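Structures given as structure tokens follow.
Next, two complexes with chain A in common: one pairs it with chain B, the other with chain C.
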Partner chain A sequence: MSYYLAIVGTEDNPIYTQEFGTYRQGGDGNSRFSPEMKELAPFILHAAIDMVEQTASRTNQLYLRTVDNFYSHLVSAFVTAGDIKIMLLHETRNEESIRQFFQEVHDLYVKTLLSPFYFVNQPITSPVFDQRIKSLAKKYL
Partner chain B sequence: MFSLLLQSFVCCRFLSSLWLSQHSVVCLLLQVLLTHITISNSQHNTPNPTMMKSIVARAYSPFCSVFATEDCDKLANDLGYEDLITLLAPHGDSVGRATVRDSQGMTNTYDDFAIRLGAKRPTERDSGGMLFNPDAMEALLREYIGHYNSDDSAFARFFAKLVAAPPDTAFETFSQPAAHLFCVSSRNAHPLDTLQALAQGQKRDKDCLNFYVLVHDARVEDAENSTQRTIALLERAKKRFGLAGMIKLGQEGVPETIPTPQFLTVGDELVNLKTGVGFGSRTLSQPDKESIRSLLREFTVQHLIPHMERCIMTWDTVAAGKRGLTGRMFSAGKKWLKFGGSEKQEAGSSIQASGIYPQGSPEQTIRRLADYAFMLRDYRYAYATYELVKRDFLSDKAWKYLAACQEQAAVALLMYTTRLTEKQRVEVLNPLLDSACYTYISRLQLPQYALRMLVVTSDLQCLLGPDAASQGATQWFQKLLDERLVGRLGYALIMLRVSYAFSQSPKGRKAALWQLLSAREWADANQKGEMAKCLDMTAPVYDELNWPNNEGTLLTRLKGELANEAKPTSVAS
Partner chain C sequence: MSIPRGPSTPIIPSSKGVPQIPRTPSSTLPHPTAAQSPASASSSTFPSALNPNAQLTNSAPDYPPQMTAPTTSSSSIRKPGSIYERNINRRTPEVSLNAFAFLFSELVQYLLRQRKEAGANAGSLPDLETRLNTLGYHVGQRALELVTIREATAGASAKGAAGGRRENKILGILEFVHTHVWKMVFGRAADGLEKSRDEENEYMIIDNEPVVSKYVSVPRENSQLSVAAYAAGIIEAVLNGAKFPAKVSAHTVEDEDHPLRTVFLIKFDQAVIERDQKIAA
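Moving on to the complex of A and B:
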């Protein structure tokens, strides 16, 4: 199973994107998306922002669960208080793990935001952040 | 978009500093924004939405079978047509204004009333094979895409072809003739006897109107006398047959281009396009055209519509039996008090062992009643009637009849409703489509029927506001893409339509995604022109962002392909 994570800023700009696979069921953590899916994945997430905005306006929860689907792929989303969208493209429905994963990613994001050298909507390029996201993925997905 | 906002804002600041009040500045700003939004919505190259309703209404118009003698065909031949039917058929598409009385006794006037004129088609009593040949449809789409630019969208043509000329099957009665037109020309030595012989050749059907037409040939020596003779003949024909009319052909006048009939079958249209008559190259002199038009108008308004209204009134008594409380009790009784020996067949049902309802059985009659109401555009009544007879088909397990009935019920519902709540959509419309879709595809292996149903109903849903379009229509469009009901070009066209359905909601992100997907399909089908159009369409959304043009995305790849395509030609030129 493969995942595509994107943290999207307030102007539809990607702050951080990462592709990874599962470690469960003997997976090695590498994504197995087909080449077609790879080049399409950012567009699917971008299109799902429509649904994220719609769902977010109807609930007071930050975790929006699965907001959209595209053929066999699902899109889950989490919206922070600052309207930053954390979105995940995945293949199987797994709400609880994804909720925990999003929660931790949110924590990481907030910690990044606390840095005086980081501004809202700025891309995150820190290798440490990368490392932590990967270990979170290993833990939950 | 952003730059425009900025521009208009700067402009407003400037104006406000001059003389405008703060309030009017806001108004102006809003107006500028609104205009921009409307423009960006209308940029999608889509046919006028109400056009689809009109296409459905005219495609399911009363069918009249034409019987012509050889001398009529010869006369048409002299004017450059294969036969009389080809000459008459295009004029049925626009009969003009007609007034119809509906089941509530209200009169409604329709400006675009049409009738379908054609040869009597063989009745496919049991098979009900393919609606059209999928390969022929694909070839036809290739022709359309090559020929039509964005104004006259290829999709509208595709849509019209799907609903055009439904075959005369046992389970779908739209192509059972409502009237017979018997034609004889003035070249015939014994016109009245010939007409009678023609009419006697047909099975006597009291539900079918017989109309007799004298075709006068104006290109004779003694024109004045000849006309007088035909008029005298017409009087005699009226006395003998009751209903008769006359057209004059071969008159001098300015030649006018005659459009090809809109609702030809896929095969016929393809032949037409290949031979070059497809895009309106036939002509007819203006007085001839007027003569045909006025006869058809007279026939439709004075005879055909009243005849159909009478049929509806007569058959309504059959339906009334089922509709009332007693009818329901009776049919419920039938269900529960099943006696031994009639295991396979419901007691009281008229279905035959072969799974066909005979002509004149109550079920068949009610279905025809609903069809007639549909043809006369009384959609509310048609919907109620389809719902009524649906129950019988279901209890008899007559799947073909059931699916066809559910399809028409869904279309009728969408034709009259102006608002579809989410509840209605989920509880009324979706079960109809779901069940009919399953029956067509899995039980009957008739995927073209499923395609027709899904395209028509989804497209009509696009007219019912952004919610119905983006949730209802797209759901069924995607279903038909999943089921692979269309060929490659059809696939790309449908994707464009999904994009159109999404484009009705304010944010165009989903619409852009589907434009992009469509562009990919066009690229695979080697239609670079269409692909370029789609990529242009995505520009308002993707050009404001940086990432879509990064290395490795689909957009970059497609743009690269387009640039590569353009290079060799520019070198050559």
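Moving on to the complex of A and C:
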């Protein structure tokens, strides 16, 4: 199983993307997307932004659960108070652990934002952030 | 910019009496050098930058040993870790009002100096307010996310409910600013929240004694200036970030008991009002 995570800013601009695989069932954490899927994943998430906005306008929860699907792939989303969209492309339905994963990613994002050298909608390039995201993936997905 | 004097309906009634601004007594804060080395507290040879008799040429060998101690023994100073290693829910101790007032006065003076260097005439005060507003904006963008995440954790531990909320109603977001944001940034809730009776899209947040203008006296020729524009910037950022596009301006409207009473006039975009009516319907 493989996952594709994207954090999308307020102008629908990607500020962070990451691809990883599961550690469950003997996985090694590397993504097993086919080459076609690797190219398609950003498009699927980008297309799902409309669905995220539609779902977000109907609820005041941060976690929106699964908002869209594309053949066998599902898109889950989480929208922060400042309208930053955290989106995940995944293959199996697992709402609870994805919720926990999103919450921790949200914590990490806000920590990044609290740095005086980071501004809203800037791409996140910190290697520590990268590493933290990967260990969260190992913990929850 | 017109000063709001029209009739208004209180949403949250203004609190009576002089509000107490919580402040950390400076005596509870450990002196930075005393914390590192107890010996320095009793030292009388502490080199003072304010001492006009101090000789700069031979100051280096005259440094008492405790001044150089922190650099040689790194164990006494805790290096601040990566921002990712800190706990996001732990509230930092309140900053002393003195330190804030000093920093803020420098900020205003810096902006004044910048304006002078740019050659602007002394009359263009709105420009100074815009700059203060911009500085506050950066605070507000961060406050919005941080307050939400902390409220979520506080709510989760109290009720067992999980996850934070996004405010999607005008009253909800205004109360959020009035209570939660104000509490985190200024240590107490604001004093009033009112809706204009004349204009549908105008709301007011009232602070009887804003911390930012507490120690700022505006000269007579600049009497239109309100340094609370900084706080207005914070409000504007929170509202814009939460998808409630609005313009916020600060006006000093004194009353008998509160000479610094400041009204933050919030003008929402018409689209926001229409959306709110649609949600209510």
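Quick note on the criterion: the second predicted complex is superposed on the first by the 141 of 141 C-alpha atoms of A that agree within 3 Å, B and C clash if a C-alpha of one lies under 4 Å from a C-alpha of the other, contacts with A are read in each partner's own complex, and residues count from 1 in each chain.
Basically, contacts are C-beta pairs under 8 Å (C-beta built on N, C-alpha and C of every residue); 3 or more make two chains touch, one makes a residue touch a chain.
Computed from a predicted model, the values in this text were never measured in an experiment.
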After aligning the two structures on chain A, examine chain B and chain C and state clash or fit.
fit
Go through the superposed model and pick first if A:P42 touches only chain B, second if only chain C, both, or neither.
first
First (chain B), second (chain C), both or neither touched by A:L62:
second
Contacts for A:V79 in the overlay, against chain B (first) and chain C (second): which applies, first, second, both or neither?
second
Residues of chain A touched by chain B versus by chain C: which partner has the larger set?
C
Examine A:L113 and indicate which partner it touches, taking first as chain B and second as chain C; both and neither are also allowed.
second
Output check: A:F129 vs chain B and chain C. Expected answer is one of first, second, both, neither. What do you get?
second
Apex chain A: angle to the C-alpha centres of chain B and chain C, given in degrees as a multiple of 10
120
Which value in Å is the smallest Cα separation between chain B and chain C when the structures are fitted on chain A?
11
The residues of chain A that touch chain B in their complex are 12-14, 38-40, 42-44, 46-47, 49-50, 53, 71
In their shared complex, at which residues does chain A touch chain C?
10, 56-57, 60-63, 79-83, 99, 103, 106-115, 119-120, 126, 128-129, 132
Of all residues in chain B, which touch chain A in the complex?
482, 502, 505, 507, 509-510, 512-513, 516-517, 544-548, 552-555, 557
Provide the residue numbers of chain C that touch chain A in the complex, in ascending order.
82-84, 86, 88, 138, 141-142, 144-146, 148-149, 152, 162-168, 241-243
